[in-house]
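A quick write-up on the structure given underneath.
Every chain is named by a letter (A, B, C and D) in the order it is written, and numbering of its residues begins at 1.
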Amino acid sequence: MLCQSNDELQLLVNQAREVIEDGNVADYIPALAKAEQNKLSVALFYPDGRLYSAGDTSENFTLQSISKVLALALALIDHGEEYVFQRVGKEPTGDPFNSIAKLETNKPSKPLNPMINAGALAVTHMIKGESVGHRFERLLEFIRCLSSNETISYNEEIAKSEYDTADLNRALAFFMKQHDVITENIEGLMDLYTKQCAIEMNCNDLARIGCVLAMDGRNPETDEQIIPVDVARICKTFMVTCGMYNASGEFAINVGIPAKSGVAGGIMGSIPKKCGIGIFGPSLDDKGNSIAGIRLLEMMSRQYSLSMF
Amino acid sequence: MLCQSNDELQLLVNQAREVIEDGNVADYIPALAKAEQNKLSVALFYPDGRLYSAGDTSENFTLQSISKVLALALALIDHGEEYVFQRVGKEPTGDPFNSIAKLETNKPSKPLNPMINAGALAVTHMIKGESVGHRFERLLEFIRCLSSNETISYNEEIAKSEYDTADLNRALAFFMKQHDVITENIEGLMDLYTKQCAIEMNCNDLARIGCVLAMDGRNPETDEQIIPVDVARICKTFMVTCGMYNASGEFAINVGIPAKSGVAGGIMGSIPKKCGIGIFGPSLDDKGNSIAGIRLLEMMSRQYSLSMF
Amino acid sequence: MLCQSNDELQLLVNQAREVIEDGNVADYIPALAKAEQNKLSVALFYPDGRLYSAGDTSENFTLQSISKVLALALALIDHGEEYVFQRVGKEPTGDPFNSIAKLETNKPSKPLNPMINAGALAVTHMIKGESVGHRFERLLEFIRCLSSNETISYNEEIAKSEYDTADLNRALAFFMKQHDVITENIEGLMDLYTKQCAIEMNCNDLARIGCVLAMDGRNPETDEQIIPVDVARICKTFMVTCGMYNASGEFAINVGIPAKSGVAGGIMGSIPKKCGIGIFGPSLDDKGNSIAGIRLLEMMSRQYSLSMF
Amino acid sequence: MLCQSNDELQLLVNQAREVIEDGNVADYIPALAKAEQNKLSVALFYPDGRLYSAGDTSENFTLQSISKVLALALALIDHGEEYVFQRVGKEPTGDPFNSIAKLETNKPSKPLNPMINAGALAVTHMIKGESVGHRFERLLEFIRCLSSNETISYNEEIAKSEYDTADLNRALAFFMKQHDVITENIEGLMDLYTKQCAIEMNCNDLARIGCVLAMDGRNPETDEQIIPVDVARICKTFMVTCGMYNASGEFAINVGIPAKSGVAGGIMGSIPKKCGIGIFGPSLDDKGNSIAGIRLLEMMSRQYSLSMF
């Protein structure tokens, strides 16, 4: 049986806090380095509308890599499965999320999956719209709809900070442009991508999005089918095979649910047919995942038998 | 609802046969090249003892890479999770199953997961016993127990043929010996590993093993817990993240169940809490998976909504 | 004894022409693809002022990668050996000239040598000047001085064509910017680098430059020390270890002299203390070297015992 | 003008000794770890028979990688250039001498050059003879002839120690056997190769061999052509492009002569038409080259203008 009260969650949060100091906040951009390391929050959202939560639930954080799942969903809606997967692969990789080597060794050049940076850039490139601004508005609107929160926006300071330091992503993008995986202006794509990563919400919002994915793309409160069933399934599959950077395999063994993390400390979980999970804990382990968030999910997986396997 | 009759399966087999000629039988060892390309069989085994099957169900085939899952289960029983995963990783890889490069670039050298050849050799190295012969007997007895078939043995001709041509596996094994991942005599390990790969059964046997894994390691007919729950869960998790060679990610999207293939054409499926699947179809696609077997599972996944995601 | 007449050279040119049709002109940018495949010319320039030549000696061609040697010389003059080699390595590589993988795997990230694209970009980045325009003027002036030809300039059409298609070089440059090897604006660097590659001359000019390098940096006619002795020695050393792309080792064995090629079909040779060689033949072998130029040098090496080894 | 007295050399040796303590003796096999770190000796042998030397000139050391040059010479004599270079490449590599990755990524699999371990194993495989014992006798006889020293033999303890720990070389050899680059029994090849590496001499012997190479394969005292001119040239070329492990490019710039080092601390130099050099200094730098030997050669190169470039 799943969690039935805020108090249960609070106990788990208290325990998970113990590992916070074994991690560090992301420091690759100044704006992220300002995060308060000790924050930790979790929310569970059930299809019947119940929301359980604990910790610093009102804290906002940027999605970062979690946005890769949502951009993928939108690109699949925009173009269909066949088009998208001609341009980005489906296979997990043992290389780091920001690696460029496989773009060179794989012939023809094609990012291995949409959860590594190269693949995510190729996916964001596919979001339709009349302009970069329009494409971002479409993505933002999609995410507002998924979270049932019309106030969601992006953090301009973090977006700008990431844009200014995105040279590795520029390298990936230009490499793919050389190989015709990306065809648009790279600075426009960087603008769009860094804003996408800087979309901001709290753990309650994230749990609601996870729940939509869990319910096969349907908003359980409105019955609206926001994401087609197949697209939701594809997203959850990638979350299992490549959702937690280079610790995806270990996470699948230890926790066993579809989940996607971001370097701001967020984790979105999605337990098929059951519930959505939103976590925020900016202290990261050496793989870039929220160290207390992972611990929390491991405890929840054992206590509530969450593993799908 | 899952399949309820042999006839249903037969219809799917007939359809799946259409892709057989797009593939080829494995030809890297002479003994495998003799397989009859047109064979195709499938069996479903339910926890309540029902067995549905279709096609050439009496055909025996060697497990090849399917044995990696079972050797892993035995090694985990022998040594526990911590010991085993100090010596072999948990992460999927974008490299081919027989690649050596990551053993060199990863520091310290450690095979990425137990489903690639390097990892499987490291796992087989961990099977306990007083001698190579004794270790093989233990593995064989374990597999007989899992399949409820005391007559299961190995194909001597294929084992010998693989032993004689196992130079790439020797290279992997010596590389790992250099780095203390493997410490035993390499020719003994090759003897054990090639016999393990040559263990032979039919699709009914394989479906029964898949069902034990599906039922968390418990033989549904005898209630015997052959594999501890955690070990069964770990095995199924690896089957999802790395069970189908370099097509694991695509298979997870298109089929979405734990499955492991071998180059002799076998596929073992294991649908948690539901059933085990055994498939044999020696015509392989370019990734080394049974081409008609994959097609069959894709059709079954759609028809019976098998995907876990 | 070295070549003593135009007629001798003409005979060799006639023979070398036979392999022209086994190669192809560079086609990665439209402007280069327009080259006439059948052109072939060679010039030898001796320190005593004699110039022997044969073939289409008045044909102009762009330096392309040959410019890497001259930019290196200028950067070494500008900053000294220590500064330059903190930012670019000295070792040959088995990877292609435009490869990015080693920038990722080498820690800290540093291009392996100045003759591959990554290293050449890092070198051009070091050319001093108040602006991109000024830096290019300095390089051009340096090359005019080396060739004793004040009319040398660059091909605007080819420079623009390369600039427009330089996405792979942009990827290399941004990757190095991420790792602080390059710190300037990338588009400015691309402008400078593509103009550098498009500097244009004929084989006589090139032979004169080769002779300056051969005479330890001294213009034999004016006695001016244009390049310091050590810098000239370093340039010639790189020409031996990495001057002919991925065929440098083979060229060292078969010809055995310092030489640098470019994809427009030029080859600059520099035989220490003896003479300079300029060759132009736009039909390239599969490594990107002038196919008839290489043949010519192999014949000359045998006939005149040119190998230093 | 080259060195004209033992005293000159002694002064240089005294200076070079200062860096000895910045290095370490090889410790990858116990037998090498016993070397006395402080030893340093050098010998110059001129074609006119003069021998200048300084330091611990009577110290014997094993050739280790220096033997790769001599085995290559013998294989070229046995089979000719075409046969040998169909099986091993001519190109320098940026990878470590014992790397296996390029054997996997290069298609078809072929070691990049004869100076890395993979290439050296492929070369030793080509030494003709009726048995492993006979092949080793032939190599030993060849080296005795080159050094004009009939007493040269091999160090059994070191050979055995290397044989017992040669698992990485076994991995390389089996990988190449899988790809038909090597076709013989691997243990026999390991026996031959480890004995080859354990051939023992002092710096005077090594200087004499270097002199034969310098004189285009001719023994200057007897006028015997021990090595064909072309073979001697090829050997010297490889010594320049890949003779000093991953520091070959730097050595070419700083010293500029053909030279080959070994992890026991030996360096063989060969200055075309001028002289042979033998050095022994077991304290190694981080690339595996004699740290004081390199320093000595750098000082000699400056003092006597040895660089060919």
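One rule holds for everything that comes next: a contact is a pair of C-beta atoms (placed from the backbone, for glycine too) under 8 Å apart; a residue touches a chain by one contact, two chains touch by 3 or more.
Please read all numbers here as calculations on a predicted model, not as lab measurements.
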Quick one: which chains contact chain B and chain D both?
none
Maximum distance between Cα centroids and chain D occurs for chain A
Rounded to a whole Å, what is the gap between the Cα centroids of chain C and chain D?
32
Cα centroid separation between chain A and chain C, in whole Å?
48
Using Cα averages as centroids, what's the distance between chain B and chain C in whole Å?
55
Among the residues of chain D, which are close enough to touch at least two other chains?
105
Counting only chain pairs that touch, give me the topology of the graph as line, ring, star, complete or other.
ring
All pairs of touching chains, please: list them by chain label.
A-B, A-C, B-D, C-D
Contact footprint of chain A on chain B as seen in their complex:
89-95, 102, 112-113, 233-234, 236-238, 240-242, 246-250, 252-253, 256, 258, 272, 307-309
Going by the contact rule at the top, pick out the chain A residues touching chain C in the complex.
99-101, 103-105, 167-168, 170-175, 177-178, 186
